[in-house]
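Letters A, B, C and D mark the chains in the order given here, with residues in each chain numbered from 1 onward.
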C-alpha cells in the first residue's frame, strides 16, 4: 500500500473571469520511503496539488473532485478537525520561502513547542527537550541557545533548517516539500538537500518534492512526475524520464537546461508560452507548443502505460532516444 | 588581446552607508553600518566578449554590475571606458559612455514603468537623446521590438498585459534602442521559467552575434553562465577570487570556493548524489572574516589565510586566482 | 528634550509675537499710563528674546507665569485640571482599544460575510461622525430624552491610593460613560480598521499557513500568531492616538462641561490668557514626550526585530 | 487599438464596487446641491431683511407668516434651515477642498524634494514633518486660530498647516521606494534628465496613495473646520458652515428644538461619510498589491 495515492484530483478556483482549473485530474502515488519529484513550471498546478493534499486550499479555491488516500485512508471529505490531527503529525509540509514561514514575532522554541503540544500531551520541559534535539538533528549549532532566538536572527538557510526540524518533530510518514531550496544559495541548497536526504532515508519518510528544477530532482528523487497545465503528462523513474523522455514537453524542458547543451550554442527551446489556466487549449494542453501535434491532439489524451512503471499522456510519444546533447 | 578593453576596472571599491555628517547627526539621523560591497576589484572586458560574473547572494555582484553600467559611482578606484577614466569625462562624453552600457534587470515586473505604454518605454530615450526624429519614431520602435522578438502590434499595451518572458524582451528592446556597445545582464533570466529562460538565453546569443555586443553576464546559476560566457569571474563577499576562461574554470577550478561551488551544483547527469560538501554559512558582509574571506568555510585553510588577504594573481596562462595555497608548491 | 525646547520656542514666539493681551486685560477706559503699568507689571515691555529667556528660566523652575484671569500660577492651574482630562482620555483609550481590537479581529475572520461587512460599514460611519455632533446626540438622547445618564459635569470624586478620580464612585462612573464613549468613537473605528487590515494580512501570510500545516488549532493561530503580529504596529498607533485623545478632549469637555484642561484652554484662548495657553501647550508637549518614550519602550519590548541587533 | 491604462482599470474596478458607487452618488448629489444651492434656496438666510423673528424656532414643515414652507424648520432668528444648510454645505465643501488641495501641493512638493534630494535637506524637512505630526491636528489648529483670530482665510491657512506634513511624509516614503525600483534605475541608466525621471517616471507612480490620502483628508478637513466652528473659533457668523449651524442649535436641544442641530449634522455626516466611502473604495482599487 503506497503512503499517498491521488486519483483524478481536481482543484478549482472560482474567479471573476470564470473557473480556473489549477489541478485538472492529477493521479499519482508515493510509496513508503520513496522520493517523488513533482516537476513543473509556474502555473502548472504543482504547488496547489501539494496544498490540496492536506486541505490547505482557501476559498475561492476548492477541491472539487477526486480521491486522496493516505496510508489507505480517504482524506477527501474529512472534517477540518480530523484533517488538523493529520497535519504536522502524519503529513508535514515545508514551504518555499524560509524568510516567511516562521512567525517573525514569536521565538523559535514557542513555534516548535506549540507544534509538539498541538498533537501530544507533553510537559513544557519535555517539549523543549524534543525541540532542542530536533534542531540538533538538522545541524543547527548550539541548539540550546538558538531555541530562545527569534527568526530574524537566523539566516535563510538556518530558517529552512528550523522549518525542516518542525516538519520532522512527529516523525511523519509523508513530507510535502514545496520548492524548499529555490530561494537559497547553491552552497546552502546543497546543505539543506543533504539534511533532508539523510533524515528521510534514515526514517523511511516518503517525500513529495515539488520543484521547477529538474537538476535538483535528478540528484534527489527516485521517481519523477512532470506536470503541465494542471495535469501530469509523464512519470516514471528518474533515469527513465530524464534519459528517454517520451512527452514532448519533458523533452523540451530537458533541452532547455543549459548544461545539456554545447556551450555558446542555442538551447533547444520550447516555442511560445504556458497557456493561461483560464484559457487552455482543448484536448492536449501542450499541443499549441508541440512539434508533433496534429488533429488527434484536439481530443484529450488518456494516461497510458508505455513501459513498466511509466505513465504518459500523449498521442505521439517521442521515439525512445536520448535528447540530443 | 592587446587592444584597449571596452571597460576596465582598476582597484574599484564600493562602500555603502558612509558615516553621517555632523549636521545630519544633529538632525537625528541614525548612523548606518558601513558595508564594503565591492573591494579592490580589477576586471577588464574586451569588445565582443561575454564575461560571466558568478557569486552567491550578497557577494556584491549586482553592485559591481551597476558600477560597470555607470549607474553608481565607485567609492574608490577607476572605471575606464575605452581607456578613459569615466569620472573625468565631459558632460557629453559622460552621457555617451552611460548610453554605451545598458542594463537588463532581474525582475521583469519592477523594471518597467507600469504607467507607460511599451511604445513609450522603448521610444522615450532615443527620442530624448535625438537618436531618432519624431517622424521616424514609430518605425524605429517597431524595429526594436521585432529585434527583441516582440510583435510590434502590441506596442500600445501596458507592461501588465505581458507575460514575464515578454516583459524581459521589452526590457531588452528598451536597452538596445539607445544602441549600446555593451549590456550588463543582472540575473536577467533568474526569475523566468526554465522554458522561457531558454528562449531569452537564445535571444542573447543571437543579439550577441548580430550586434557584436559585449556583455557582463551576472548570475548565480553556474549552468547558465557556463553556457553563455567566454570568460568567468567568481566573486565571494566583495572580492573576485578567481577569473579565467570558461573552459578552465569549469574543468580546472583553482580556488577552493570555485571548486566547492562546482561540486554543489545539482546537475541532470548526477543521479542520487550525496549533497553537502561545503560547511558553514555565508558570512555577513557587515562583518566579514579577516584575511581570506573564505577561510572559515575552506577545507584547506591554514594560519596565513586568517591573517593575510590573498592577492588575485596569474597562476597559469589566462587563469587568475586569489588563494595562498598557490604559493605553497 | 529637543522637542520640548523647540515646542517652547515655537509656542512662545507665536503666542507672544501676535496679539496684545494688555488690550484685553485692561478696561477700555484705562489711560495710556495704566496700560503701560500693566505692561511693565506683566514683563511685556522687554524685548522678545529677553522675554523668552526670562520665560525659559522661569519654566525650568516650574514657573510658567501667572494667569492673567485667575491670578494664580498658570502651571498649577493647568495641573489641577490635568487629572480630569487624563481620566477621560484613559477611559476612552481603554474602551476603544478593547472594543476596537476585538471587533477588528472578528471583522478580519468574517471578512467575506455580512458580519465583517457590517463591522466595516460601522467603522466608516464611526470615522465619519464628527465628535462634537456625536456628543450632541448622546447628550440629547441619554441625557435629556431618556435621562439615563448625567450629561453634565464630572460627578462625585473619591481618592484611592492617593489618586483622586471619579472612576472610584458610582456617580463618577455614570458621569464618565457618555464623554468617554464620545471621545472613544473615532478611535475605536480607527483601531477596528487597523486591526482588521493587519489581521487580514497576517491570515494570508505564509507563517499562518505554516502554523495551520503544523496542525495548530484556530484558537491558537488567531490568539497567538495573528494577535501578536497585529498588536505590535498597533502599539505605536494607540500611543499616538492617546495624545490625540487628550487634544480632542477639548471638544468633549466643552460639550459635557467636563472640568478638564481642554475646557480651560478653550476658555483661555477666548480671552488670550497667554500664560495659561503656554502652560497648557508645554504640559501637552511634555505629555507627548512621555507618550513617545513609553511607546518606544513598549515597542522594543514587544517587537523582537527592534533594538536587538548590534 | 488603445489598451486600457492602469488608471482606466482602476476606475472600472471602482465602478464595480457597490459601496464606492453609492458613496460617489451621494457625494455627487451633495456637490450639485452645494453648487446650485444659492439658486434653489427659498430664501437668502443671511439677508436679515428676509427674516421674520415671528418665524423663529418653527418645527420642520411649518409655514411662515407669509405662507412660505419651512421644510426643515427654522432657527432662533426665524431663518429657514433648509436654506441655511445649502449655504453652509457650500462653505464647508469649499473650505475643505481648498485647504486640502493647497496642502496636497505644498506637501507633495516638499516630500518630493526630501525624497529625491536626500541629505541635509531631507533631514530638515523630515524633522519639521515629525514635529508637526507628533501634535494632533486640532491642537495646532486651535493654537493657530487663537493667534490669528477667526475668519475664513485663517481657518484655511490653519487647515493647510495641519495637513501638509502627512503628504510630505507619504510622498517621501513612496519616492524612496520607487527610486529603488529597477525602472527608475533603468531610466537613470538611459541618461534621461533628472527632472524627466522625477516627473514622468517617479511621480505618476506615487499618485495612488496620494489620491486616497487626499480624499480622506478632505473629509478630515471638513470635520476639523466644523469642529473649530462648533467651538466658536472657526468661520465668522456671517459665513456659517455646517459646524456653526450645529453649534447654534446646541443650546436649544434642551428646549426640544432638536431640528436646528440635527439636520445640519445629518448633512455634515452624509458629506463626510460619502467622501470616506469613496476614499475607502479607492484604497482598495488602487492598492498596488492587488493590482495585476
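Keep this in mind: a contact is a pair of C-beta atoms (placed from the backbone, for glycine too) under 8 Å apart; a residue touches a chain by one contact, two chains touch by 3 or more.
Because the structure is predicted, anything quoted here is derived from the model rather than measured.
**Q** Moving only to chains each one touches, count the minimum steps from chain B until you reach chain D.
**A** When the steps are counted carefully, the minimum from chain B to chain D is 1.
**Q** Please find the two chains that have the most C-beta pairs touching each other.
**A** After tallying contacts for each pair, the winner is A-B.
**Q** Considering only mean CA positions as chain centres, point out the chain farthest from chain D.
**A** It is A whose centre lies farthest from that of chain D.
**Q** When the C-alpha atoms of chain A and chain C are each averaged to a single point, how far apart are the two points in Å?
**A** 54
**Q** State, to the nearest whole Å, the distance from the C-alpha centre of chain C to the C-alpha centre of chain D.
**A** Comparing mean C-alpha positions, chain D is 23 Å from chain C.
**Q** What whole-Å value do you get for the distance between chain A and chain B if each is reduced to the mean of its CA atoms?
**A** Computed value for the inter-centroid distance: 32 Å.
**Q** Going through chain D residue by residue, note those that touch at least 2 other chains and give them in order.
**A** Answer for chain D, listing residues that touch two or more other chains: there are none.
**Q** Can you tell me, using the touch rule above, whether these chains form a line, ring, star, complete graph or other shape?
**A** Its topology is that of a ring.
**Q** Where do chains touch, given as pairs?
**A** The list of touching pairs comes to A-B, A-C, B-D, C-D.
**Q** In the complex, go through chain A and note every residue touching chain B.
**A** 41-42, 155, 157-158, 185-191, 193-195, 197, 212-216, 218-220, 238-239, 242, 252-261, 263-271, 273-274
**Q** Which chain B residues qualify as touching chain A in the complex?
**A** Residues of chain B touching chain A: 56-57, 163, 165-166, 193-199, 201-202, 205-206, 220, 222-224, 226-228, 246, 260-261, 264-279, 281-282.
**Q** Can you check the complex and tell me which residues of chain D touch chain B?
**A** The contact residues of chain D facing chain B are 1-7, 119-120, 123-124, 126-127, 181-183, 185-193, 196, 201, 204-205, 291-292.
**Q** For a test of understanding, state which residues of chain A touch chain C in their complex under the given definition.
**A** Going through chain A, the ones touching chain C are 54, 56, 59, 84-89, 92-93, 95, 97, 100-107, 110-111, 114-115, 118-119, 150, 152-153, 163, 166.
**Q** Hey, which residues of chain C end up touching chain A in the complex?
**A** For this pair, the touching residues of chain C are 112, 205-217, 220, 224-225, 228-229, 232, 302-305, 308.
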